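I'd like to ask you about the structure that follows.
When the chains are written out, they are named A, B, C, D and E in that same order, and each has its own residue count from 1.
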């Protein structure tokens, strides 16, 4: 039964992703992107990776898509008409991608998947202990994957520094009155000129 | 559920992402979005396999992919804003001063 | 899988409510529109450019920092859930992670990325 | 002694070259004349002693010995070489003395004397060599020095061209000689002349297989030898260089183009006479070519205006006579005519030299004239030389030439009678052009402008002394030495060295030569004199009328039967065409373009394409990534 | 735990980050010297246990002499780049305090990359390093070229990350875990290699060759090298190349050692393409930095050629080639940094003309470097090229060797053309005289190093042989 859900949502993902790249208006493409992420979150639920589904919804849909909207708004990207060169390249690109996909599919069904036995974290026994997916991830994330966790921390730190270095507009030097100081002015500090 | 179908989905998504970068002439934002799509396809792949194998490391891997993708998107958009400030147009055709 | 059914029902209900409020008036209301009515009203003048205003860059900076701290919170969830099992080592690892990010936060504050003036 | 007489000219050459910067030109030339006269006396003494101790071979040292082929430096001391050495030395000394006076104004006179000495040495080496390789060395040395001497005044372009032309044409002849030497070695296995003469009759019927064609080897050798001689002695095919060689100073023409070098060819055939006798085809060929050259040169000489060119053509026709004698296998007569011709032709050339000298280097006879009372001594010697050349009785020319004509008449083959007729015709032409020369230069009213006429002067004694000596020899040599060459007792002496038809001696000719034919040449000479007197002296104003009516004939002869133009059209054009073809099409287009600059242009154009690929557009880069990815995957799945 | 170089360096980085906030006046010099100090200390830690072998952090990372050797090389490059940053007076947009910060964090990323033993840790450290480099490339905001180069580098970099992820997901699917030892153990069990696994490997190979700019995937290199500030180009062309080669060797030799024949063929294609394009592209260049980009591609092709047979002495030759390659590149980029005409940075080749008349010493050292790059006998470049060609010929890949020789001839042409313009062309207008003596001293050190290698090459051979020994011992 879940197969039909799976096919339905994957069809939705594919169509919305195609719409993302082919829509003219930037805002539309961002909305389709959000829709894609939302569908993939549901797909993850189907593949019983609940925690990741939630993170996708929060992180991607919540933050990154919002960021894209920010940028689209900020950079005031107008309606962009189809460039004339577009059609000349489009079929060529399509053919290439068709070849690429056919290559991959040929490789895929070429193989019956040998299910390896020595799996590191066997979910089945863990499942027996009735712990939720998040708890399971939590168990391994901070002990076995400790170093990767710290490095991702540094990545976030780096992203922060990079954002500051790049995006910080140096208007700081501009002289601008801060409203807080104005309010704090006391009566006796003001010089009378009489 | 045999691996065949989510592999199809992820490779299709990957190719759509690749196409997105290559085909569009419109603006850089679409490129960033198609990169997000390709990362999403990798995520789907990982989670599909982890579900198939009954192994948790795939999910943790995709969690980290997610984190990194977010950081990358942040940096990418920062670079984009600088580029926009300088050449006040982010159409792909405008970035061809460096060539030859 | 089954304990998510109520969430599903809740989602559907919320979706219907908002969708209905938004589009109900369009379906039901009487539509009589003509050119002037649809055009944007700018005290009788023709509009110079579209209505969307330009955002400030520093808004953008805040958005990026939001993403990064959002991710920080995401990592807290499993940590909180599995807190009892991961013992001291897990706790210390989270503390170091938070320490790194607070240094980033301090750096950012000092650099004046957050002041809003 | 004989050895010294050969090597003294070399010493004089070295002396001139080494002391060029120390001594003045005059002293050097005087010393070289002294050296040469010593050489002449030595060769005279050795000639005298020759009668006592007979011929021998002086071995100097071993030159090359590789396997069966061994060649050594050696001097052949027999009658032929001894007399030839004497003649060459004698004439060369006279010319040395003459050129002291003639070249006194020339800055490079010491090198000139050095070259003359070197030339004489090579001629002596050629004449006295015992094996063909040393002969060939002398042969080439003579060719080289003739090139140097013709092109002596190298600031004149025509002199350089003439030198090159002489050298090239000689080389073509030498080519024939070289092939002959190779074939001799292949057939006989040795190059030593005496051994060859011994082996001749044992190989007389051997055949040479060349590309399937069977050729009688001796005929092949003698024909090739004859080609060599044609080149050197300016016979009909390869004569074009001789008239142009007149660009050199007059003593050079006198020495090289009258007495010695041109006669080397005849000398070679005389030396190899037993070989040539075996193949009658070769002697017939020599006879025909000799007669053809004789008639051709004589006819062309009549219409030439340059004094030295006329004498050059007369040398050519006299050489024709010598080859006719060789063709008729009367080798001793050819040798006799060779020596007598050397004397009177050198005389004529030196006379012409002193005429040019006095007319301050004016060579065209059309603007000379009336010199008989201004330079009487030269006039007298020129008259003697011309008479001897024409063959007026009791002059040396008469003895040697008429004997040749008589032998031609007495040979019973129809070819020799045909040659006899051409010989007579040539005698007529010879009388015509030599008298034309005399009349134009001496008897007609002077055409030169006053300035030239003003300082015409008789050449100094140092130039006239050789003239006198030579004129004495021109007169008396014939009378005294007549019997040495044809006399019955001396034929036996000659027979060891060269082939001699014993039955054909002096008194044999005397008995059965019909009187009329014996006197025919004299009659022709007389009517020739009358004709020339009439045409050139009394009715000379009719000459232009005749000339333009017979314009075609006149031009035909004047332009040397258009042979030069034919050669230019065929060989020269072909050579240039090939050269240009190879240079332009093969070297420049093919090799260069394939090689360096072609390749570098190709590589840099590819470099341009590669850098053009960097279009700067982002999607091109992504395209290359996609292509790379699909390429690798498909390569891996299907090919590896 | 603390003595692990990466951990030590990250802690140091955090400390310096805090200090940078409080330092006010001429920040970048102080921070430069601080980070130099940190690098020396880390170098000390790396060299302390160079012969130690240990798998740390739950088998995500491994400390072995191959990794430590590459770490020390990376640290040397970073040290030189930061030293350049301090001594060369660079333009205003660069002297923000964060510049050396970001270089430090990219070094941490590279050190992690080189010693990673798992696809996940590899992915995370590659991300750390490339994010830092994206920021560095688009560092000077005023200069238009820098931001354009930044955009291009970002897009291509993230594209290569996606390809890497897709490849590793395929491998994870088949093998069940992303750990190298697991993969190599899985490979040895399999009698016939599953096709999907190799396709996954190809994806990873493509993403790594995108990072080291091997040929069909080199398109971004010339633009980024020309666009980004010279100091960043210097860093970009040396340290990351070493790190990614370390990763490439470790991935290909350790987990996928069994199928050498397959990825050998792929590497042959990559190396031929990059050698051809590297040498042909540079012929018509007039910008020095762009020319250096093409010469890097050429060198990368040469190094890849050494990796094709996958034998031990192949990798020794590669290590030696990397060392000399770095000295050559750093020397040339030091000169480019100092190429100023009335305070403006200039990088055209014709500005190079007539250098001999104004500064003979600099011209001499530079000529030495260019000759060494071209591979002229007595110099270091020649030795490295010779070693690699030896290996290729030992494994009788003659066609490859022929192409290598032809391309090095073509590349020799444009190197020597530079030398010609330096020595024989008349100078158009003068470059500013090189004032600071340190960079003159440093340039001559680089030149002499290249010259002096010929006297004792054995030292390098033994060093690298022992290193590769440890790598193969792992398997």
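Quick note on the criterion: contacts are C-beta pairs under 8 Å (C-beta built on N, C-alpha and C of every residue); 3 or more make two chains touch, one makes a residue touch a chain.
A quick note: this is a predicted structure, and the numbers were derived from the prediction, not measured.
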item: Intersection of contact partners for subunit B and subunit C; value: A, E
item: Identity of the most central chain, Cα criterion; value: E
item: Chains linked by the largest number of contacting C-beta pairs; value: A-B
item: Chain of greatest Cα-centre distance to subunit D; value: C
item: Distance from subunit E to subunit B - Cα centre to Cα centre, in angstrom; value: 26
item: Rounded Å distance, subunit A centre to subunit E centre (Cα mean); value: 31
item: Distance between the centres, which are taken as Cα means, of subunit E and subunit D, whole angstrom; value: 82
item: Geometric centre distance via CA averages, subunit C-subunit A, whole Å; value: 13
item: Residue list for subunit D, restricted to those that touch at least two other chains; value: 611, 614, 616, 618-619, 622-623, 626-627, 629, 633, 637
item: Contacts with 2+ other chains: residues of subunit B; value: 3, 7, 17-18, 21-23, 25, 31, 48, 52-53, 55, 57, 60, 64, 67-68, 70-75, 77-82, 93, 95, 97-100
item: Per-residue overlap in subunit A, given as positions that touch at least 2 other chains; value: 48, 51, 55, 59, 63-64, 67, 71, 74, 89, 93, 96-97, 100, 104, 107-108, 113, 115-116, 119-120, 136-137, 141, 145-146, 148, 150, 152, 154-159, 161-164, 166-167
item: Inter-chain touch pairs (all); value: A-B, A-C, A-D, A-E, B-C, B-D, B-E, C-E, D-E
item: Residues of subunit C touching subunit E in the complex; value: 100, 103, 106-107, 110-111
item: List of subunit B residues in touch with subunit C within their complex; value: 67, 70-71, 73-74, 77-78, 81
item: Interfacial residue positions of subunit A with respect to subunit C in the complex; value: 45, 48, 50-51, 54-55, 58-59, 62-64, 66-67, 70-71, 73-74, 76, 131-132, 134-139, 141-143, 146, 149-150, 153-154, 156-157, 159-161, 163-164, 167-169, 172, 176, 178-179
item: Partner subunit B, residues of subunit A touching it in the complex; value: 2-3, 6-7, 10, 13-14, 17-18, 20-22, 24, 26, 29-30, 33, 36-37, 40, 43-44, 47-49, 51-52, 55-56, 59-60, 63-64, 67-68, 71-72, 74-75, 77, 80, 83, 85-86, 89-90, 93-94, 96-97, 100-101, 104-105, 108-109, 113, 115-116, 119-124, 126, 133, 136-137, 140-141, 145, 148, 152, 155-156, 158-159, 162-163, 166-167
item: Touching residues on subunit B, where the partner in the complex is subunit E; value: 3, 7, 10, 14, 17, 21, 28, 31, 35, 38-39, 41-42, 45-46, 48-49, 52-53, 55, 57-58, 60-61, 64-65, 68, 71-72, 75-76, 79-80, 82-83, 85-87, 95, 97-100
